[in-house]
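One chain, subunit A, links the two complexes that follow: it is found with subunit B in the first and with subunit C in the second.
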Partner chain A sequence: MILSNLLGSEVRDAEGRKVGHIADVRFVLDGPPGQLLAAARLHGLIVSPHSAASFLGYERYNVTQPWPLAQLLRWRHRGSFLVLWEDVARMDSGIVDLRQNYTEYDPMVPL
Partner chain B sequence: MTRQRLPAPDTNGRSLDAQLHLLDRQIVDADGVPVTTVDDLELDSPVPGTPIEQGTPAPRIQALLTGPALVTRIFGGKPPASRLIRIPWSDVAGLGTIISLGVRANSLDASWVERWIRDHLIGKIPGGRHDPQ
Partner chain C sequence: MKRLLGVALGILTAIGGFVDIGDLVANAVVGSRFGLSLVWVVAVGVLGICLFANMSGRVAAVSNRATFEVIRERLGARAGLANLGASFFINLMTVIAEIGGICLALQLASSVSYLLWVPVATAAVWLVIWRVRFSIMENVAGLLGLSLIVFAVALFLLQPDWGSLAGQALAPHVPESETPATYWFYAVALFGAAMTPYEVFFFSSGAVEEGWTAKDLVLSRINVFVGFPLGGFLSVAIAGTAAVVLLPAGIEVSSLSEVVLPVVAGGGKIALAFALVGIVAATFGAALETTLSSGYTLAQFFGWSWGKFRRPAQAARFHLAMIICLLAGPSLLATGVDPILLTEYSVVFSAIALPLTYLPILIVANDQQYMGKHVNPRAVNILATIYLVIILAASLSAIPLMIMTGAGS
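Our next item is the complex of A and B:
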């Protein structure tokens, strides 16, 4: 799969209700060590209920400057959450289904 | 259904968000020579449309993809998969403001345009095959 086929996809819960769109995909460098760098494993999907694209990731950092831009972008991405790979039930073209009782995690980027 | 907004679980490795930390970043080779930029990523994901069983290993990044993305960004759509050039993840040596490779650009398909121009255009100009004196 190519990542751009996943970005912007509609995300639905187990009952088929739309919960948002994929704004970004989080990877973790904790796979088996390669010759230069560890493998990058898909950790989870950043789901935004109101927008299909994210700009500069303001909703995932504590950055508050410039104030008007930060306020606008945080509002645009209010309710964003991280859902882990373990809670993904199916991926199809443009649609991602989540499992029953999936967990919404805080999408903040770990520093 | 119980939904809680918990802090994301700790991970053993560094976290990377694709749009924030990978896409559109410049790629340089082992000598610091600019090669290209990251236009897309290739993942080894399960077959699209099939249910993902509990415990299925998470997809991994197989390659960085680069290609003629400028035209499709302006006019919409995306380049056909056959026009995208792969840079295997195993060649990536470092991730920062730029993405550095552990190999030289000459060994990559991604730099064929530059090699072609060097050999067929610049090389034909008198003095074009050696450093300035």
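Our next item is the complex of A and C:
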């Protein structure tokens, strides 16, 4: 599976209700050490209820300029959340099902 | 002393390299139809290109990433590809127009049909790209392009009524013979000619080619903010000569001979010789820049190794892409398509593609992870955001205006 198959997929909760689309995925670098960096591990998916487009980098707390653009992109992604990989029940073509009682985390990246 | 020389050289090449076939044609056409009443657009366009060229240069110097690498990263594969398609198409169109411009100028100088000059000019462009060092290429074309100052000299020699010219420029209004729609169509075309996206692709890739670091930022800022406005002044001089000679006589610009006609009227044969040298140098320089930009955009999007600082064998796909462009483009010229008309279309299409290029630059120039302490200051962001609105307006209105006015006819 490649990333572009996943991006834009519809996300549903355990009852089959649509909760949004996949806007982004998040990796952490904590795998076995490689040549330059540690191997990346898929941490979770960013689910956005209103838009499947990416944050263009505005998912980080410290990127707030230019103001109108930052506001516009944050507004387009209002209600977005991060679900951990453990909370994903099933992935099908274009559809991702979440487990019951999945946790919604803040999608912003702290710095 | 050496440093001062470097600054002077940079400024001079920026002036000489500013004008290309799009500026030449758009300004002459506008001058002959609207006088100086659209000069404010040149001013707005020049400030815009200063702002964004400087920004893209700063991003490239600090992060070592050229503009299209930034676009690819920030817009993602799909939107990036759409952008690549549009930019590449316009770029190729501009390559063809610039080579057409070289050939038309050589035709004026030699009375040999421009079609016969096409293979010669194309081969020369390719040879320079293949063999000549980046800095030499840029400096020679830029310095020879300075001959275009003859347009300003001719304007003085024509002894125009400065008061009425200033009146046209400072209190712009739509001439009675034209409709507001054509006025705004040409405003968009002039804006597109001043802000053509290839300039930032080339400028930012050039910064990587020349190995700029944060230390070079001051020099680049001086080059941009002094050189580009003076280049814009040349654009205005071209429009001015057309406004003084062609507008009263009711002569329409449909070929390069009308563009240089006022120069002949003002300064005679010697002035014409300077103008032709200037036009050949300016279009040749721009042909190099646009051809390289085609290679840069493709290579940066697909992640190929690129750059003239590498030997061709180490950047094979980059060079192959440019060879294909240089084979494909000029063969279109051989069909007899009018290079001047092509130029007019290319500047309008440039205006359409502008937002896709400038938005990602603005976003990345604000990213601390990339830029560290060199992120945009607030004033730059405010100005750039205003420009983004103007760019969006020009982009969205270009096609409707084109249809309404029958491409300005």
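Just so we're on the same page, the second predicted complex is superposed on the first by the 103 of 111 C-alpha atoms of A that agree within 3 Å, B and C clash if a C-alpha of one lies under 4 Å from a C-alpha of the other, contacts with A are read in each partner's own complex, and residues count from 1 in each chain.
Here, contacts are C-beta pairs under 8 Å (C-beta built on N, C-alpha and C of every residue); 3 or more make two chains touch, one makes a residue touch a chain.
Here the structure is a predicted model, which means the values were calculated and not measured.
Once chain A of one complex is fitted onto chain A of the other, the partner contacts of A:31 are limited to subunit B, with no touch recorded for subunit C.
Looking at the shared chain after the overlay, A:4 reaches both subunit B and subunit C. Partner contacting the larger number of subunit A residues, of subunit B and subunit C: B. Of the two partner chains placed by superposition, subunit B and subunit C are both touched by A:57.
Contacts of A:69 after superposition: subunit C is touched, whereas subunit B is not reached.
Residues 4, 7, 54, 56-57, 60 of subunit A touch subunit B in one complex and subunit C in the other. The residues of subunit B lying in touch with subunit A in their complex are 1-20, 22-23, 40-46, 48-52, 54, 58-61, 65, 78, 81, 84, 89-95, 102.
Within the complex formed with subunit A, the residues of subunit C that make contact are 74-78, 360, 362-364, 366-369, 375-376, 378, 381-382, 384-385. On the subunit A side of its complex with subunit C, the touching residues are 4, 7, 54, 56-58, 60, 62-63, 65-69.
Taken together, the subunit A residues at the contact with subunit B in this complex read 1-4, 6-7, 13, 23-31, 34-44, 46, 54, 56-57, 60, 81-82, 84-86, 88-93, 100-110.
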